[in-house]
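Note that the chains are named A, B, C, D, E and F in the order they appear, and that numbering of residues resets to 1 at the start of each chain.
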Amino acid sequence: MEDRFEKGMSVLKITNKDNINDIFKIFEDIAPDLGRFIVEFPYSEIYTREAVDLKTRELCTIASLTTLGAIPELKSHIEGALNVDCTPTEIVEIIMQMSAYIGFPRTIEAMIAAKEIFEEKDLLPLTE
Amino acid sequence: MEDRFEKGMSVLKITNKDNINDIFKIFEDIAPDLGRFIVEFPYSEIYTREAVDLKTRELCTIASLTTLGAIPELKSHIEGALNVDCTPTEIVEIIMQMSAYIGFPRTIEAMIAAKEIFEEKDLLPLTE
Amino acid sequence: MEDRFEKGMSVLKITNKDNINDIFKIFEDIAPDLGRFIVEFPYSEIYTREAVDLKTRELCTIASLTTLGAIPELKSHIEGALNVDCTPTEIVEIIMQMSAYIGFPRTIEAMIAAKEIFEEKDLLPLTE
Amino acid sequence: MEDRFEKGMSVLKITNKDNINDIFKIFEDIAPDLGRFIVEFPYSEIYTREAVDLKTRELCTIASLTTLGAIPELKSHIEGALNVDCTPTEIVEIIMQMSAYIGFPRTIEAMIAAKEIFEEKDLLPLTE
Amino acid sequence: MEDRFEKGMSVLKITNKDNINDIFKIFEDIAPDLGRFIVEFPYSEIYTREAVDLKTRELCTIASLTTLGAIPELKSHIEGALNVDCTPTEIVEIIMQMSAYIGFPRTIEAMIAAKEIFEEKDLLPLTE
Amino acid sequence: MEDRFEKGMSVLKITNKDNINDIFKIFEDIAPDLGRFIVEFPYSEIYTREAVDLKTRELCTIASLTTLGAIPELKSHIEGALNVDCTPTEIVEIIMQMSAYIGFPRTIEAMIAAKEIFEEKDLLPLTE
């Protein structure tokens, strides 16, 4: 069991290097197992599979979270994407691409989320 | 205007090489402009942008359509992904990854769709 | 109580004139009250309000059901729209408009549904 | 008619005992009938049916609102659940269970909502 | 190309007369083409089609955005609807009608959004 | 690891007693780990937790799947609910309750799914 947890943490130490403890702290007094599930299921079982690299996985997660309209988790994964060497331009392109599949409202909301993260990290303006 | 249309068709000739005319035929007697919009907007304006390659774009579209539960379009894009050299294993991995973001029901429905396409194309069993 | 039911039925006799009994028959051995709720709540309380006419209401319902991806109910309301003098072209236009708000996958699925209804009623090709 | 309204209010006096008037006040100058619909349809017609008790109904509503991502209404129904003797642990368990059906993003957002309600009511930490 | 852009702007000058530049400013340093897409695709290609008038189009968009739960865009289109002579009562009626198709939670959230816009514009209380 | 799998299987042997192998067979040549994830995550980690009984869990899952519009999984869980002693009437009541939170279209689709299962099992008409 410990093994599964450690395996998941090894990915999170890369993708979420700046806020790795937040996921546990936020639920420690209400649902401590929820944080554990996130480490042990997606990070341990899925993100460690070698058939797809972390960069492609994070871009696909950004596509999914934009589609879902899940803004706080999208922001966390935009940071994760930057941490595995996605460029800001790649992130913007994938969000923009979603407009064909989900329309403009959720695309706009996701782009605003990206803008907030990029502003915090002083990555704007993009110069592509 | 013709230019925009031709530009979009140049992508569709790659991604949808086997069924490129279906998109026009299906709506020709009810909404012919809808087919044109699809060529001129996503394919011409988005898929031709160089910052992200077609392979990554198709995997992200698969992520989005799995999230959305849009099965007929997912099947079309699984074919598109194969046409731009995504492997069946990569497609399966991205669908499986979605389980973390959308849960198992829509993931299962998407995997069944992938299975149907792969069976038609005699690509099963996957041996990775 | 009877009064509320009769009031809702007076709208359904217009919008669903060809299949008004289906709504009751389908659930009579499992959930008879569900059919009654539909008559007494949306049809009696909402569709009878005079501030918006039935034609505009049906087009807005088509917009909502296209957005929701609820195809069987969409088909029923496309028939309802025709019954309150919406033209096939107006119905097509509203479905096409949705592409901006929900993207192409659900728009395509809705347009296919419209095509099926219009074919049954021998309304194709549209000549606008 | 009055009867239907009173019947719905008899449930709301239990589930929403602390904020029963908010539902009317918020819409009184824009859509007063919307508050009435809520009393007369779900509370009067559904929550009064005896085949399922209020506690189970509120847990199922929490499951639905978590799935829907409707946070303000979820918070209101978490209070409603506490008012019909659901324990905080039961509420947390149902939200956590949803992760299998909707994935982690919406589950996390719902759990944060539960945490806010439980903090206001001084119910944390949970000690089960 | 310029032509398509100008054509879209001619609609936006009516529907978004007070905030027409916001759409470009917000994304100018991150995704300038996204603003252009919105002008050139929905506003130029769809809203200019004559088969349905702008008033009906805006009411249908309100129906869609209420269904989608896209609150910021809904607020923008409520303003757009007022700018093409929809009455506040018509807007309220369409939002209320959605309760039948999407349930009360998203209907309530949309009505609160409408209330905020109407309060800003000093249009409350509605007196119909 | 085996332990986690066996723990999940002990629940599935109750809820899915008639079709327990389907979940593995369907994906064995394309994504065998997906079946394992379902056993090891929701069934092993969640359904075995004692704070809520299996009957309440299945009703809440029915609420979620109705909300999500995931019909094949809903049908499977309606069978699961019957296997842990939910009555057909309780299942119908929870689906009907959802109309308040998701509107009639998805409620109707879920009720039709329930009707199909109950017909197969010769449980209709319901007599409560």
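What we mean here is this: contacts are C-beta pairs under 8 Å (C-beta built on N, C-alpha and C of every residue); 3 or more make two chains touch, one makes a residue touch a chain.
Being a predicted model, the structure only gives us computed values, none of them experimental.
A.B. asks: Could you tell me which chains make contact with chain D and chain E both?
C.D. replies: A, B, C, F
A.B. asks: Do chain E and chain F face each other with the same patch, meaning over half of the contact numbers show up on both, or with different patches?
C.D. replies: same
A.B. asks: Which chain's C-alpha centroid is most distant from that of chain B?
C.D. replies: Most remote chain from chain B, centroid-wise, comes out as D.
A.B. asks: Averaging over Cα atoms per chain, report the distance between chain A and chain E in Å.
C.D. replies: It comes to 30 Å between the two C-alpha centres.
A.B. asks: Measure off the straight-line distance from the CA centroid of chain B to the CA centroid of chain D, and report it in whole Å.
C.D. replies: Whole-Å distance between the two chain centres: 40.
A.B. asks: Two or more other chains touching the same residue: where does that happen in chain E?
C.D. replies: 33, 37-38, 41-42, 65, 68-70, 73, 96, 98-105
A.B. asks: Which part of chain A faces chain E closely enough to touch in the complex?
C.D. replies: Spelled out, the residues of chain A in touch with chain E are 69, 88, 92, 95-96, 99, 103-109, 111-112, 114-115, 118, 124-126.
A.B. asks: Quick check: in the complex, which residue numbers of chain B touch chain C?
C.D. replies: Against chain C, the touching part of chain B is residues 26-31, 33-34, 37-38, 42, 65, 68-70, 72-73.
A.B. asks: Tell me, which parts of chain C touch chain D in their complex?
C.D. replies: Going by the criterion above, the answer is residues 1, 4, 33, 37, 41, 45.
A.B. asks: Going by the contact rule set out above, which residues of chain C touch chain A in the complex?
C.D. replies: 98-105
A.B. asks: For the complex, which residues does chain C have touching chain E?
C.D. replies: Of all residues in chain C, those touching chain E are 38, 41-42, 46-47, 49, 51-52, 56-57, 59-68, 70, 73, 87, 89-90, 93-94, 96-102, 128.
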